[in-house]
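Heads up, the next two complexes both have chain A, just with different partners, chain B and then chain C.
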Partner chain A sequence: MNTEATAVQTAPGVGDSASFERHLSLSALPESWKNWKKEYWEKYEELPFPRTRDEHWRFASRIDFDLSGFQLAEDASDDTIEEVLSRSNLVAERSGQIVFVDNQLVSEEAIPEELAARGVVFLPLAEAVTKHPELVERYLFQESTDLGSDKFHALHNAYSESGYLLYVPDNVEIDAPFAVYHWHAAPGAALFPHILVVGGRNSRFSVVDAQQSLFEDRTGFSCAVGNVFAEDGAKIYRRTIQNFNNRMVSFQLDTNNVDRDTAVRGINLNLGSRRARFENEVRINGAGADVKLYSLTVAENDQEFDQRTLQIHNAPNAVSDLLYKNALMDHSRTIFSGLIKVAKDAQQTDAYQTNRNLLLNDTAQANSLPGLEIEANDVKCSHGATTGQLDRDELFYFLQRGIPKRIAQQLMVFGFFEEVIEQFDNEELEENLRGLIQAKFEKKQLDAVTPKMETT
Partner chain B sequence: MSQLEIKNLNAGIAGQSILKDFSLTVPKGEVHALMGPNGTGKSTLAKVLAGHEDYEVESGSVLMDGEEILGKEPDEVARDGLFLAFQYPLEIPGVSIANFIRAALQARQEDGEKFDAPAYYRRLYEKMNILQIDKKFSARSVNEGFSGGEKKRCEILQMSMLEPSYCVMDETDSGLDIDALKIVANGVNLMRGPDRGILVITHYQRLLDYIVPDKVHVMYEGRIVHSGEKELALELEEKGYDWVRDELATTAS
Partner chain C sequence: MSQTDAIDIDREKGNFRFDVKYEYDAGTGLSEETIDYISKAKDEEQWINDFRKRALKVFERLPMPTHWATKDLENIVFENIRYYLSQGQMPSRSWDDVPDEVKETFERLGIPEQERKFLAGVEAQFDSEAAYSRMQDSLEDEGVIFVGSSEGLKKYPHIFKKYFGKVIPTNDNKFSALNSAVFSGGSFIYVPPGVKLKQPLQAYFRINAESFGQFERTLIIADEGAEVTYMEGCTAPKFETSTLHSAVVELVALKGAKIQYITVQNWSNNVFNLVTKRAWAEEGAEVKWIDCNIGSRLTMKYPGVVLKGRKARGEVISIALANDGQHQDTGAKMVHQADDTTSNIISKSISVGKGRSTYRGLVHMPDHLKGCKNNTECDALLINTNSRTDTYPAINVQGNGNSVQHEASVSKVSAEQIFYMMQRGLSEGEAMSLAVNGFVNDLVRQFPMEYSVELKRLIDMEMEGSVG
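Take a look at the complex of A and B:
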């Protein structure tokens, strides 16, 4: 492992043009895609890094844009692959599974024949580009968030080859979820997971994306982009688990384009990374759409989770409802900045946004910036943010039943999480996720039980 | 020894003294009722007994089966056998009734003792049946969105599952309709026995028709001013607290 570490660290970082040139020369992609790559690289070089005074980066204090320590990793060893595959086990009952390690495709489980026969496509991007060029042409790299990370989008698009396309044609309904794992393994590895999910008219399906580290002590960088397209009447449930180790720097830049009468759910569990930026943008382009976004973050030590959301209503009679919950320990920080934008014609919009922060140690810090921009006059919109500690009277109630303080606190904290966890709506997954959270809590001493509720 | 003995208790909150030389003894096997006007300190007494850290105890002692409980941590007092049915039960989002009571029972187990989940659920459903609480409630978050009456029933459910030696029931009857009152009273009566002492705090004589007390105490301005048989409750109902006040005035002058 030592030799591997040295070899990687002498290579130029992914922000260096030598790194990109080398990547391009090794790439087996078609010329047209390589040309895109060059354009994106130029764009990356032109764009400035974000600054904390930028509107979309307010309160982000632990920004670390030095990419020199992160490189594209060499192929993983057989041992690593074996280990990764044995641990890719969050969802047993599934419609298909794809596993990547440091961008490298290491496992691809064929989807049931019956689904393939109905035109369902679930493929790594590099394979999709030859087998379904029309889909790739139509959807790949078409979207980016408008929340301040253009430079990272460009970087992602310049490098990303790993990732998948999930396409479910009109009227196809699938119960068991599709599962994808994006593992980080090598020291200093840079990952560029791409997630492309397209639901045809009246389709129904769900997908689970898990981002994890194989080792706890290795640094790394992940810049993931996820684009969801829901055509009329599609019902799409996307679940994302970000459980990298606490030395990672990660970006997750997501868009959701939803059409008429769709039902789109997005739920994120965020546990890992030293610094994690999560952007989530919803564009409601068709009437009657129903979008629900949930997120649960557990922050410890000096982790910083930076969450920026945008709910855009461009069509009438649609609902969007967002609930982001953060529990903070130690010196961790979270930032939630959310905006609801309702266009003039989007009458009878119902749009809600809630951010709840639970401070479990006095030294943790939660920042909240909710916002509304409404041009229509017949709408129901609300936003609210609360930051508080465990309620003392509730704690006394537990104690009076004989439950020791430590266990009472744990139950209360998990009670706070439950509202989001149960939205995963898959018992096996929920149990696994409670296990992941439990592991994070095992050795924690929580000190904050004095009430300090502030509501805005 | 088998009694809850409160002796010359002086306690208060936020610098205000509320319990003034309060003394009361509830032996095992008996049910005592405590009545008194709003703000006289009944709930304060309950919280002090339970060890709530916000209340300041100036002097006095509370012996439970001969052992001092003042100064102990609330969870320890609870495991030692004191149960408080809250006047205002708290809502605990995300924690189911089944898991809440389970955690309370597990806290009373020896280290390494296995928890018999099937037996637990059998017993839980049995008690729910007695209190006429729908089985589905066991999966609901503790008290969250419950009606006032449902909350009170849930308190008695917990009490009957934990089988405490001493119960302090703070206005368990308020908020109950007449049918629910009978159901709850039945649940409490089933718990009466030689191994348990019960203190019922109430404003209404009506409850005492269903839970017939061995003794009735009237509390006024932080201390007990009258003790008697159950007829005292009737007398109080008839004459009101003016009677107590006037009588006190007469004694003082």
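Take a look at the complex of A and C:
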């Protein structure tokens, strides 16, 4: 593994207007897109940095907003590209794959002829804008965030051009997932991954987004935006794996627009980053929609995972169900802030929200802010939040049956994870993800994992 | 008749007022002069005057908390409020000495009757000062102190000064600062070690004057092993302009002490009720807040317990009923600061018509603690299609062997339930009130008998046509 020291940075950071001007002058995008960029840059400069006393940033620790150490990286070396491609292997059976390293497109696997013939579009944004300007015009940058990171959303829109458009037309059903990798490689690199997923009426498909670091010891910044549009009857499953190294600062700002009778699922596995902020907003605009949101976070050392969710029911007879699980070790912190909003006319809504936190060390800290705002009366809404440790009685049971403590603890922790892992609903991917999580645990002195218990 | 009118019938009990000639009137608006006027009227020591003036500066500096709370707060016009009104400084000890209008007020509200029945002591506050205060002589012999805030600070500084403004510091929030600047009235209670009051002490708060702000200050200290139950009730007539009630209530439960604090708040619909209530519980102590909010235009109240000693226990039982034009923004705070502390929060709210009820909670367990437990349950019932409910808990947990569980649910009265009862011969309205009473029944039972009867009656409303 290449472990060259972080180079001394002299170029201005991505928050600096000199950096933006340079980016704009080098960009090969059409003039109309460049004009958007300028607008968003102005918006970025206008908006204030969030403060911890803002309700959307409650419990977040001092917000580290110094972007001066993060630049747009130069093109990657051939060695790096080769390494990245060999490691982009979470999903073997797939409908297509696109790989980026530090915003640079390094691999684009064509989708099967048959899908292309039926009008499926799976392209890097820079290519989509010339080949399918009507789709880009209609869907790109149409969203914002209501959950506190508007300034970073504007920054993303000002810089982002590395990302993809996945468009599946009406009535097309696809079994194998599409896979997209966003790799972080260069020291201090700033990434702006954009994820744009549109499902036509009665379409069915799934996508896997993986965000990873090639090197363990390099700093970096990633500000990703993901927008899902599900038209009537669409069934979309989006899986996101965030496994940056522990020196990254990352944002993932997602929205899901969901129409009538859709089935939209989103699942997130969060392992990496020093600080990771995740905003996820679901807007149910059509009756009969069924939305499921899952997340599993494994936090260690000084990691902080800050998760904010919003489930908005604007239409009746819809279901939304959220399950966010966090396992915390060492001095890590997690924040879960979720809100269910049911509008006046959204009768017969079923909306649920569950947050479970497992504290594996005394010094870890879990914060929960589960919220409800209900304006319709004929609804079933509930939330539950629990925080606790591994159950001593369960551990005792394992020990009694001759299972060593270390293994017993591991089994219990993995049992906690499994409820979410199995929702990935893809055996190959599940196996790979178990491997990633296991790797994170193997670094741990497992004795520290549970409160000490006397074994006689 | 709609169910709204039905509820208001019960509210009419407090809707009358008298023209009272006030001996002391600080006029409208708030300035250092207002504070000097109050201090002079009360003949206060200099340190209290300084305390008030410092608080005024804090009040002026702090912003309205509208970044999280309702914008309705902006409708309070502080310049238009009268901050101090009273007829005299010393409460009467005998009912016969109470001025006629005041006496009639409390008689119509049934206060002397209550006292005769079952109370150990009564204080009745009319606008800024207590008009009447009486405690059983035997308790006085045991060393129990039950006086107003001014008298407490003047006569017993060695007892009260130590805790005054310590549980809730002036700068805790904008309204605790306001209270600290202009406080008047309230109860200062001290229960000596080992003394267990078998009957509750009661205070009755009455706003009579229009555009008046009532800022009572209560401090209850239960010494080691002592036990006390305190009940307060509040009413005001309906005025065209809004009225402000902003109290600060501090409880101190020393080792092994038990305090129960019961509130039945039935202010009229023009009162902004912005109250800060917090308790300290030392080793093995128990503090229980029983809180019922039926009246007011906007209530913001989150009784809290700081669990300072090992095995201390805190509890909040809360019922809120929000009708048209009302917003009950209530909740609880549990701050765990010692090992093996436990806390329990049970909150039930009912939103009727366009009413809005909100639960806000905080549970905090820092990392050096072990064996702490919290249980929180919030249930909301929505009666009409335009009723609204919100839940905003905040839970913050670290440490060894600590566990927290929080559950909230929102529901309506099920059509099947109503149908079942109507099949058995109940009218739709009866079925509805039975269902609503059933929803709060397990909490209502925790109130003293007299209050639970009253509460049941308040909730026993006509629900005709509100199903489905």
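Here is the rule we go by: the second predicted complex is superposed on the first by the 436 of 456 C-alpha atoms of A that agree within 3 Å, B and C clash if a C-alpha of one lies under 4 Å from a C-alpha of the other, contacts with A are read in each partner's own complex, and residues count from 1 in each chain.
Note that contacts are C-beta pairs under 8 Å (C-beta built on N, C-alpha and C of every residue); 3 or more make two chains touch, one makes a residue touch a chain.
Computed from a predicted structure; not experimentally measured.
When the two complexes are overlaid on their common chain A, residue A:417 makes contact with chain B while staying clear of chain C. Touch criterion not met for A:218: it reaches neither chain B nor chain C.
Of the two partner chains placed by the overlay, neither chain B nor chain C lies in contact with A:238.
Contacts of A:440 after superposition: neither chain B nor chain C is touched.
In the superposed pair of complexes, A:396 makes contact with chain B only, with no contact to chain C. Contact comparison for chain A: of chain B and chain C, C touches the greater number of residues.
In the overlay built on the shared chain, the residue A:54 is in contact with chain C alone; chain B does not reach it. When both complexes are overlaid on chain A, the residue A:313 reaches neither chain B nor chain C. Of the residues of chain A, not a single one touches chain B in one of the two structures and chain C in the other.
Of all the residues in chain C, the ones that touch chain A in their complex are 67-68, 367, 370, 380, 382-412, 468. Interface of chain A with chain B (complex): residues 391, 393-394, 396-405, 407-408, 411-412, 414-419. Per the touch definition, chain A reaches chain C in the complex via residues 53-55, 58-59, 344, 347, 357, 359, 362-389, 451. Residues of chain B that touch chain A in their complex: 50-53, 73-75, 78-79, 83-84, 86, 89-95, 99-101, 103-104, 107-108, 141, 158, 162.
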